[in-house]
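In what follows, chain A forms one complex with chain B and a second complex with chain C.
Up next, the complex of A and B:
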């Protein structure tokens, strides 16, 4: 039912891989920043994504009932403000007492935080799935017609166009923040060497707050993009994304936001492309096992080049 | 004063707990199918309420307690939940696990070694038939998919599908029914163009759909709606890889209509275990269920009532809440000879048992006569969209 080679590859493997990669990338930014600056693997990150998506849905539902239909990307802004408040409050009351403790204690604390957030969401919104946007997203007809005319038809629903655009905007903004602003430079300095940053008079507490804010915005965006893609909310969706996002952060190099973006795209593409029939007609790898691809990449990376592609911290 | 009160309360609680009959009830409260689970859990509670209203357990009218736990439709969670029920709550028997994977895992690692009877309300995997390994401890009140897979293959043939692609979630229930389906369908002369597992809970199934979609327009989808089934179906519809869908109970939920939209489901048919609503048993059940506001004809809801009622009858028959006596009594009350007991007739059954008579429970979901493997026969229905909602029709 499909003709020319390329059409199938681009539309059913490459673009979905990129969409998944964008979501992984945004999630991995927060993970890599907390890992680099606060020095612990934040297991609660997936739940932050999930709660951000639930908050976005709630804002849309409340305003929708008042007769004001919001685009998820607009509702994302107030939702990420709420998530940032939540983030800063957990940091103040939950993580701060652990600041000088062993890393393993903070990691376990974040694991506890993950369960607390998920249970809280289940109490408030219930364990059932919630529909984000009902129905089927058909490919954008303009894009289909335009690309069809030049013989390279691209089938992309609007939701994917929004996800790409949102990711590009966020990554460009992040690049500006880290390279051009004072706080961004301070964040990079703390990530490279906290002691040296401290003696040069950088306000470490300020940097930590900035880290939570940047991580919170990216996590909420990742969560919302994920529900825009799957069109439903469910309380374990963040946790399912967590391990591939860790793989992305490690692949790119811990503490390197660009590494995380690159790692996310590579992991997303690798997962989807592993099921492409590269040799013969059968899928290269049964799609049932594509999750394993992300972890295989992570394990190989940890053995061969533990500092990651972008020369991050190695432990 | 406060201390005395607390002590009195503690003593009261301790004595009442000792004099009650406790049945463990692990259900999939969270996990991939909470919407399917909720009415089944309500039916279990309804059965217990009926029993307690009509004189309770044994001669002194002890209360039947349903101790609920969350098995989350997940093998690990089920093992944890049932371990707690058996070791901490000391329940007499287990009425529960909704999902096949959860039932198998808890039976193999907890309830069979502890010699506690499990009566599942809806686990339908063919793998459960022969898993008892010489013991007689695993029963179920729902028919095996060894039958449903065949019914589905007949349905595919009746719908005129000469070729079909199969995609199943990699778990005990879905993999087993897919295998039965493929065998039966090929036996009837159909061509299976692709047969691939998919990993549950992925954000996207577009590559899966593209991979298996090249050869056929028809998809047999075996998945739980909440752990990937809806996403896979959505991806299949979005990419236009498939036009027609068939599948089994795991997908049959109103959630599917809400998320995908009834207008996109016109070519979908899903089968489920169903009750023959012309029997007097079903009539008795429907009256009870309607009065209590429980959806009588929803998937496995009648089975949930039957399982709880039969377990209570078995314990009443044994005359003790001792674990060892349950299996034999369960067989005794479920099939003839004996006075026929319909759903809700607890007082009648109690009187007959007290007089030393035999009873034969005829369930709402079917006659509930256990074969040597603890399985029951059953009916199936197919559901299609009519006026924006699922409409079920019994298939013979």
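Up next, the complex of A and C:
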């Protein structure tokens, strides 16, 4: 059973699907929070991921040249701080004047912000792909030996283990924040009803800042995980992630962070599993159509159940 | 003479260019329940929102314990001790009952535990539902959550916008008796109501609003007994 079906399915489709799902999930958290609390679809969210990843690797390169080799997950911490400062400044000077304007104006503004950030990154780091850690990542030998002994060999490189671990830590921390802390509960309250939050005396500006911070950390992590997985940096990586991340946010229900996590995992798995040879020997769907899967799921959800699986807001 | 807790003095106010309140004056003294009644569109809710700084005040002033708070933003008004319960959407439906109350205490984060206990004393029904999402409660219970949430700050005055709208008679009675219990704790209340007769029944004084200005004022019992007002709003004489 495992040899005929499981080995290939788990190692070459299911695990890569989960990895991709983790990345989508972390990105979709920021999208769904921004949508729920600031009430606009942030097209620049992919660029937060991308710029966060560039900053992480720049910090690694600078410290590496000084003889201090950092793991990307460590370099991610100062990089998120920089991303947060950058995006709080963007909010203050770019989005805040739009706060009382029509949603469509803010959405268009975020589209402009997306182009500005991408162009800035291209000016600073150049438009070409940058490869990091060249070569093929080898499966973790301990895990391979352990699972091999019980006849279910799992080939998982360390980078994937780090991605899973990092995602779990962030999602648990997010759950704690939203359900146990004052600011997290206020975030849910503003997402629930901004008008009531206003007349309850909740400091909505503080909640908005918290939203940018949480979204920024998750997006930076998603960007770094994506680069760890693909082993290269490119300036369009954020934009390519945008569609599946929106699909994940819509699937889970707008304004529902846990829905976004679930939606991200489903979209990631659906994309990878769509290329599995379910019928006959050929892939069910040519891998070239992978991105179409997320798009199809998004369109179907918008038609059939626009409020998402977890009863988010529908427009 | 005692200073009123809240006073609105010759208020002209509205949204954008539209003026809704033309010349409104009213006040609430310590330990009073004051009702604002009047036909639809008379500006009852607008009068309340003008206190919260939610609309443009052209002329006149709003004072809390003698201090001018005209045009102060909502968050500052609430920090000063004015608590407001909107007519609709007055609870966070996705938050639990207890989380709603905690949010009510946003401007007074200290001693939340003690005040939660006080609220569960005042609203015993809510005590057993503290973990439930407020959106899963009945209309009457939601109104209780909304009032408890508003009382989580040391309110100097409580503003209630149509607390019994859409409720069954059983809950209406319960809300009005709760309002009296709140008064006994020393919090004066300004209440906007459609159910004029019941509202005047629990009120010390009342104002009748027509076309954005006060037309009549008097004691609760006096207004309820006034034949003209009875004909206009209390459902008699048509």
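One rule holds in what follows: the second predicted complex is superposed on the first by the 312 of 315 C-alpha atoms of A that agree within 3 Å, B and C clash if a C-alpha of one lies under 4 Å from a C-alpha of the other, contacts with A are read in each partner's own complex, and residues count from 1 in each chain.
Note that a contact is a pair of C-beta atoms (placed from the backbone, for glycine too) under 8 Å apart; a residue touches a chain by one contact, two chains touch by 3 or more.
Quick caveat: nothing in here was measured; it's all calculated off a predicted structure.
With chain A as the common reference for superposition, the partners chain B and chain C occupy compatible, non-clashing space. With both structures placed on the common chain, the touch criterion links A:186 to chain C but leaves chain B unconnected. In the overlay built on the shared chain, the residue A:71 is in contact with neither chain B nor chain C.
When the shared chain is aligned, no partner comes close enough to touch A:105: not chain B, not chain C. Of note, the Cα-centre angle with chain A at its vertex and chain B and chain C at its ends comes out at 140 degrees, rounded to the nearest 10. In the superposition on chain A, A:92 makes contact with neither chain B nor chain C. Touched residues of chain A were counted for both chain B and chain C, and B has more of them. By the touch criterion defined above, A:129 lies against chain B but remains apart from chain C after alignment on the C-alpha atoms of chain A.
No C-alpha atom of chain B lies closer than 36 Å to one of chain C in the superposed arrangement.
Residues of chain A touching chain B in their complex: 1-2, 8, 11-13, 16-17, 19-20, 23, 122, 126-129, 131, 134-139, 155, 157, 226, 229-232, 234-237, 240-241, 272-273, 275-277, 281, 283, 286-291. Listed in rising order, the residues of chain A touching chain C in the complex are 182, 185-186, 188-189, 191-193, 195-203. The part of chain B that touches chain A in the complex is made up of residues 29-31, 34-35, 170, 196-199, 201-211, 213-214, 217, 226, 230-231, 234, 237-239, 241, 255, 258-261, 263-264.
Interface residues of chain C, counted against chain A in their complex, comprise 52, 54, 74-75, 78-79, 84, 86, 89-95, 99, 102-104, 106-107, 109, 149, 153.
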